[in-house]
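Below: one structure, written as structure tokens.
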Amino acid sequence: MVSRKTTHASVSPKGSLETLSQREVQQLRETGSGSVYALFRQCALAILNTGSHSDNAKTILEAYPDFEIRIHQQDRGIRLELLNAPADAFVDGEMIASTREMLFSALRDIVYTESELAHQRVDFSSSQGITDYVFHLLRNARTLRPGVEPKMVVCWGGHSIGHEEYKYTKTVGHELGLRGLDICTGCGPGVMKGPMKGATIAHAKQRNVGGRYLGLTEPGIIAAEAPNPIVNELVILPDIEKRLEAFVRVGHGIIIFPGGAGTAEELLYLLGILMHPDNRDLPFPLILTGPRSASAYLQQLHDFIGATLGSDAQQRYQIILHDPAQVAREMAQGIKAVTQFRRERNDAFHFNWLLKIDEQFQHPFEPTHDNMANLKLTREQPVHELAAHLRRAFSGIVSGNVKDQGIRRIEQHGPYRLAGDKAIMQPLDRLLQAFVEQHRMKLPGNTAYVPCYQLVD
Amino acid sequence: MVSRKTTHASVSPKGSLETLSQREVQQLRETGSGSVYALFRQCALAILNTGSHSDNAKTILEAYPDFEIRIHQQDRGIRLELLNAPADAFVDGEMIASTREMLFSALRDIVYTESELAHQRVDFSSSQGITDYVFHLLRNARTLRPGVEPKMVVCWGGHSIGHEEYKYTKTVGHELGLRGLDICTGCGPGVMKGPMKGATIAHAKQRNVGGRYLGLTEPGIIAAEAPNPIVNELVILPDIEKRLEAFVRVGHGIIIFPGGAGTAEELLYLLGILMHPDNRDLPFPLILTGPRSASAYLQQLHDFIGATLGSDAQQRYQIILHDPAQVAREMAQGIKAVTQFRRERNDAFHFNWLLKIDEQFQHPFEPTHDNMANLKLTREQPVHELAAHLRRAFSGIVSGNVKDQGIRRIEQHGPYRLAGDKAIMQPLDRLLQAFVEQHRMKLPGNTAYVPCYQLVD
Amino acid sequence: MVSRKTTHASVSPKGSLETLSQREVQQLRETGSGSVYALFRQCALAILNTGSHSDNAKTILEAYPDFEIRIHQQDRGIRLELLNAPADAFVDGEMIASTREMLFSALRDIVYTESELAHQRVDFSSSQGITDYVFHLLRNARTLRPGVEPKMVVCWGGHSIGHEEYKYTKTVGHELGLRGLDICTGCGPGVMKGPMKGATIAHAKQRNVGGRYLGLTEPGIIAAEAPNPIVNELVILPDIEKRLEAFVRVGHGIIIFPGGAGTAEELLYLLGILMHPDNRDLPFPLILTGPRSASAYLQQLHDFIGATLGSDAQQRYQIILHDPAQVAREMAQGIKAVTQFRRERNDAFHFNWLLKIDEQFQHPFEPTHDNMANLKLTREQPVHELAAHLRRAFSGIVSGNVKDQGIRRIEQHGPYRLAGDKAIMQPLDRLLQAFVEQHRMKLPGNTAYVPCYQLVD
Amino acid sequence: MVSRKTTHASVSPKGSLETLSQREVQQLRETGSGSVYALFRQCALAILNTGSHSDNAKTILEAYPDFEIRIHQQDRGIRLELLNAPADAFVDGEMIASTREMLFSALRDIVYTESELAHQRVDFSSSQGITDYVFHLLRNARTLRPGVEPKMVVCWGGHSIGHEEYKYTKTVGHELGLRGLDICTGCGPGVMKGPMKGATIAHAKQRNVGGRYLGLTEPGIIAAEAPNPIVNELVILPDIEKRLEAFVRVGHGIIIFPGGAGTAEELLYLLGILMHPDNRDLPFPLILTGPRSASAYLQQLHDFIGATLGSDAQQRYQIILHDPAQVAREMAQGIKAVTQFRRERNDAFHFNWLLKIDEQFQHPFEPTHDNMANLKLTREQPVHELAAHLRRAFSGIVSGNVKDQGIRRIEQHGPYRLAGDKAIMQPLDRLLQAFVEQHRMKLPGNTAYVPCYQLVD
């Protein structure tokens, strides 16, 4: 292992952590020693590595085994002391401003979540309670800005894509930025960075100084997908379900770029919600796009949706091949409809209260072999429920491919067994095969892909 | 009764009430119908009368018997509907911006207090808990601004003073403003308005656009002392003890102008705190001042403090007679010492955490005849405890003079009997006599003053 | 003579004088020694007395006989050294920000004018040339702000009016400010201050931080009418004709309050312009107003206009008696029409290019006895030309009443002789008589008024 | 020739052209038809191609033969009508904000220069007059900002460099930006773009929203080196001598990256100025740097300076090889010394008045064969004069290599003949040989380089 340059430093907060009561400072200090310490340390290390080229969480964490972070109480507030921190986060001994900001964003969100849980202020048993929780966390992060016209575009897709696809995401971001739109992503590399980079240049060209680059992440993934340095607002949601809900409630439209099983999961999540009868009349611009070389990929995805969820589901999105300006024009147009709709309904611009999210999309799915086997992959149910089951299937595959616990499960019990109607299983099989062939099944190493699933008719 | 011009209107919030969760909107709606409605209606009416010349709460309330305020839920947030509201609060049908701001400040603070109480989030049993509560309420009102150099001067004194004294407070405010200092008062007329008015002109002269005119009030007094129109930040504390604590924790220095028993009570409150051994080394600029005509008054007050609390207490303040520029210079100088002190101790600029406030100053005193008779007005106790007892004596006198319940108590049981050491009772007698002679004992009507107390050796 | 407190000081410029070329610094230094020095010294002294209560130029100038102002060159720019300056302009040794601003405004305008004249850049021989000059001087003072919606209301009237009339101008200013309108006056006391004061409070109430209080003055009058401290933009025009043109080109509407012969002159100037056939369709809101007590005054003025210029002239203004809110509403309404008109014609909001000003209103009138005797006060001419002659008559009377040279002329040659049609001379006689009776003929001393004119049929 | 997409459009100005007098509008209209039209059209076309990848002026100009630009007068100001303009400058029919800004910057500077010349306001006969002219042009472009701490770093070097060198300039720009420094270049591609790009990202990371990217260009070169899209302030100086003076007077330090004969010319220009005895004590940070691969290049340049101008000249710069952070640290350090120096001397931060520029560096050099042959390349003169002659030699070589007129001269008369001391001619020969070998002699085509000069002992 290469030894890295490290440094010691002491930083004071900016933003909402500047004015704390003594009670709150006390809580924070506990963060510095108690059970959440590991969580915070891990997020902090990821943030201090912002812009580093490694996307391997383990590598980063192992590279700084001596890294420590201490929270000091002082009458005036708090101060963080960093020991053996990555030297790249500093310029001539001073921490880079954005890094400092993100560091305290992480602390803010972790402490908020802990505090809400400790005081049992969240009602996790109801859909409304979970939505309120997501809202409060985002508001506490000062992400919700009243009165601002809708212009937040969420970009989803793979974090590890080819150069041509990456370049394409930059060009799309550039066209979005030229039209005054902001970008929200999962805040890591690849599709999470490209559109922000393009929009940055475009906002500069349009002399638009308030451009927002919102990154929504989770503690479990931040180390692998360290926030790219363009992110100027960082929010850490506690898990993937809250994070997905945050995306669809703060975004005014979504663009899906090429990706792997994870991206398919996201698309199914969103379609599952949009197919809910309550959301029938709700405008929600959704565009699938990619460069010319992604043509086959987009067709397969489209066919799969048609074969499983039907043509109604296909009506909820547009596919635009290799035309960044057209993507941006359609998105701008779609967001105008959203603005009009919210204005008529007197709904907030900053949070999509009217979107109905079924509780089954709000609670986490645990991909055990039993749960996977019991997924109901049949036509005998409302389409939005089928979408929910399909999403879980992909969620499980992602886990079996790359997540620690999932891999162990596969090692112990063999591949997952997914059963269902032929009319669903066959398209699923074709899609997964295509992912394998196109090397979109991300693997920890570089070995040939051995499927973690088995389709059963 | 003269019938007043009224109007109907509908207004949307600005500030922290713009982004609400559905749960919070629900709570607000309950405010519109439940037990706190009367409280909110009363505050709203006072605010809509901002700048009116009547300081009689009853008059205002009775002048608009049909006034109603309804809170409507809409997806996007809330909306207030006002029926039969005072027409003067509107210009061509649109509510004046500052009035709208204050209206939502009142709603914000009342709802915050109700919500904290409902969720039992405040620990009223400990001094620390009460202080934290005051801090949280002020922070929720966005009054605490981190990183701003100390410059908030609290001005205390009578709300009903003569023209010359009023003019003097304006001149002092002008001199404070010329030196870049901000003003905090109880937000009504008289001494609460003069310094703000003078500072406004001075800030304009110095091209200082961010001047703060902070008004701290309570629901019980806002109707009688409607916020003057210069106030640009309004906070409603739940009772006099929280309000006094707010004053001494956000103010960086205090100026006391002439007033009556209430002003004496405030001086004793502050000296009681400053005489606490823990505060011995804490810098806290305190200036007693007035125009030449107030010379005798200031001397009497000074003599009384000397005779009762001793020369140590006299060291904690300066008396400056008829020299506004000198008052401002001394205050600016004193605040520099405060800044230096907090910097050294790393204490916040925006909240005086280091000031020790004994619990006996945080809990309300109920002026029953028994409680008054039991006050310990003797030398056989630490000076700061004597100050606490003396403060309560004046608090009782204020109540017996003008407060509804106090007046009834006197009618039933005769004057309060205050007993103690001759060395304390005699100066007290002299001071009270002087107040009577100088017409500083504020009376509901205009009859000759009949003392509500009796001094017993 | 009372000796005043004075001080020495050294100040650096803000605004357009911060970046000077060496050539320009050289020019400025010449200002410090050459022929314009007396002019600059006089303006500077007036500004340093801002807010003083004396309106007697001579008093001010004589009170500080030792006052000197030196312009120092330094590589970085210039620095002013003030010797024996009025101490009131300083707070603890530092010059008040607005005073410093105005001081450099005066220097800026005087130097600009000198430089334009020296380089013969102004074409004083053509109407267009004079207008361009006024424009360039205002632009150099950064008074012209592109893209801002019309909202500048000019207020004219006496600088020495009674308390009730003064109070009325404040209330009107307050109502204007509540409607977001800005104020422009001659920048001295009386009507020049009241509306600004009222608007300041109203702008604060409406949380309008960018309120403009524009003062237009001339070197000859600034000492007698020292800028009031509310003025936040000061421009010094070289003479009364340029100043009047500046008023009507930057103002979007004009309100005329009670005044004396000078105010009558202003009204005739404006009506003379508005009656020009080229301006027939040009909207220009003009309101004559005053408190109830000014009723007779307003009626006389109105009658006089009717009798001399006819009912067409009366159509160009409204008279509103004692109704500040109505004045403001009508002005706001009138300015809307102006906005609409300029938008349609693509004319600038910040300068009224389309207003035709005849050359005879741009060149100064010298009130010699011959010139006065030759005024053509007859009906046999276009109405706007009659207005021009009447204006000159009043201009001469003002001069004969109060101006140094005019008084001397009267002493030498006796009263001016004004001749003309009976139909014009009789109403003129009645109006002048009324001014005398109402004490609106301002006199240097307090002796009974001896007319400086004689009307001849 | 490929036909390009074009569009018609009409745009209104922003900035200093928003408030024009009628006289000025008239002047502008003349620009639209008179002799300067070709100049403006050429600049406009270059700007509308901002960000295009071609650096061939001729290509761009020929690609849009139908492009026309018309200046329309309207009462409110001016409007530009563009016919057959490059479509890439527009987004959905609206011109990109930065392009619009630059378009009016070009118009502003061209009109200013024309107007100054027309009114004979510039004294081109004196060194002081030329400096004043450069100052006035920059001030008119609002480039000079008083009171801002020195932080403008000029970056010089080739506009057509290899990928590794380009990447290195980005990294250096990033390190400069991290330290809060701004960038000024010739505003084209290559070294003129890289540092701006790096600084943009760094300023974003440091949450520095006011980063300046100043581009100084000339009409003759703007088409070949179209402003890169990051430039947010564009100034067009009339010729290379004024442009070079602008660089050294607004820059607080200069970094020289690898380049060809042009870069050598710039270095000699700067050293010639710095070697002037009057500038001996003037701090002026100057750094030569490049990536590891440029090591030989830097050594040759250094040796050449040593051999010709001597070791004193070598003391005026540092060479830093492949260490971007060190470059930035040294520059920041050097600028601190500049700040200190100007503060002590009271010199402006925004314009280096104290730098002595000899007149021979202010007047253009015409590279005829006679002038070249007469250059005094000998040791018998002060070093700064030798530098001036050497600069002219390189200037001639650049001309003979690539400029239209220079190439024609060589075709007619054969290579320039340069004569001088052996001690100067030999190092010169070695340096030129090295440029040829490293392909730094930029050629119009790609043929083998045939020297346009001949060295004679």
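Note that the chains are named A, B, C and D in the order they appear, and that numbering of residues resets to 1 at the start of each chain.
Convention: contacts are C-beta pairs under 8 Å (C-beta built on N, C-alpha and C of every residue); 3 or more make two chains touch, one makes a residue touch a chain.
Note that the coordinates shown come from a computational prediction; the quantities given were computed from them, not determined experimentally.
If you take subunit A and subunit B together, no chain is in touch with both. Of all the chains, the one whose CA centre sits at the greatest distance from that of subunit A is C.
As a whole-number value, the distance joining the C-alpha centres of subunit C and subunit D reads 49 Å. With centres set at the average Cα position, the gap from subunit A to subunit C is 64 Å.
Separating the CA-averaged centres of subunit B and subunit C is a span of 45 Å. None of the residues of subunit B touches two or more other chains.
By the contact rule set out at the top, the touching chain pairs are A-B, A-D, B-C, C-D. On subunit B, the positions that touch subunit C within their shared complex are 91-92, 96-99, 101, 175, 178-179, 200-201, 204-209, 229-230, 232, 329. Remark: subunit A residues 18-19, 21-23, 74-77, 119, 121, 128, 131-132, 135-136, 139, 144, 146-147, 342, 345-348, 350-351, 353-354 touch subunit B in the complex.
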